């Protein structure tokens, strides 16, 4: 089997997940000559409130330029090889993200639904815990709070 | 919590999953005033070969008009209530579907990624086994074979 | 003794093609069940295997559900959706 | 005795704000480890808790990895991606 196609990108501003998926599908189609039978995807968006339940003005996403991109590639390759999938798409916001805006998109194409679904889930969990991103919640009063972990499943 | 928004539709001809998701997101946005934090989706496409490995000319999807739609609604409502999700989208082809064309789209929006992912998977399995659809593989020589089950996970 | 149920019977996919028909209107004896109708119609195999399912009025039902006049009875071969 | 490693040290997010700086160039004693550099820089808490991770040259590493001249050493507070 050919090496999986990995399309990984940080997004410094708002992005449209459906547009990103369309572009990725075109890449997969061009590379493979067809689209695999199973495609699983996940989009995460900013909640309108903080973890403590207050209105959220924005979420700030800090990253480690260089290491974050490399680690996303590493995690995507690892997840793709573990599950024998054909193609992986990751888009992840950095910077200031407003409520409702997408933060993360993961999509996986494979010949079977099981590997596509499992790879998509595993990669999402991996990047939440193993890719250097840090979130700060900004409230309307201008105060900010760094988060020390992730929203539970 | 409000009853989940269920958008269920049979597709008599080729459809575009990303366009269907865009329309559904607009519905969810209008109904809820925002898009939930987690969105999980799955697209299934026709493989280019039969289960026996021969080139596939087309897949024919027969259904039971009336019961199929009702059963899809029932399965979607059941899966949505079991997982407390906000909105569910199902599009399913009927008729003659060519290799590479989408057969099924399931998308689920929820406040957390776990319920969104699990509901999407469970609903996909449910409709594969509990919604009255029947597949026939058509080969290039004009012979057809009714399938007696589903592709394994 | 109940009255004679008038049934609409539907077959799908492989079952339809094997039998050579899709829909029949049928008067069944009082107390008829899907299992009895299957035999009455001479459908094959004589003892339907477990993979074939029954729907009455577009809802899954069991082989021994009592049928009533006006019911729509369908025999469903193994489902393969999605 | 090895020679003195010249290190580039980076802090991120809450660690950066607590310390009041983002990047430092530093000469560390021979045999220096991330744990030793953490103390040398007076970072807090004095004994870093398990949630803080170390990267050397942009790869995760352990607190007792030996550092070499030219290394980029980063201290990473708890990750919250996705």
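The letters A, B, C and D name the chains in turn, as written, and every chain counts its residues from 1.
Definition applied: a contact is a pair of C-beta atoms (placed from the backbone, for glycine too) under 8 Å apart; a residue touches a chain by one contact, two chains touch by 3 or more.
All figures in this text were calculated on a predicted structure; none of them were measured in a lab.
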item: Chain D reached from chain A - shortest hop count over touching chains; value: 1
item: Taking each chain's C-alpha mean as its centre, the one farthest from chain B; value: D
item: Between chain A and chain C, centroid-to-centroid distance (C-alpha), Å; value: 50
item: Between chain D and chain C, distance of the C-alpha-averaged centres to the nearest whole Å; value: 74
item: Centroid distance [mean C-alpha coordinates] between chain C and chain B, Å; value: 27
item: Residues of chain D whose C-beta touches two or more other chains; value: none
item: Where chain A touches two or more other chains at once, by residue number; value: 44, 124
item: Chain-chain contacts as defined at top; value: A-B, A-D, B-C
item: Chain D-touching residues of chain A, taken from the complex the two chains share; value: 44, 62, 64, 66-67, 70, 92, 103-104, 124, 127-136, 146-150
item: Interface residues, chain C side, partner chain B - complex; value: 10, 12-14, 17, 51, 55, 58-59, 74, 76-82
item: Residues of chain A defined as touching chain B within the complex; value: 18, 21-22, 25, 34-48, 99-100, 111-114, 116-117, 121, 124, 151-153
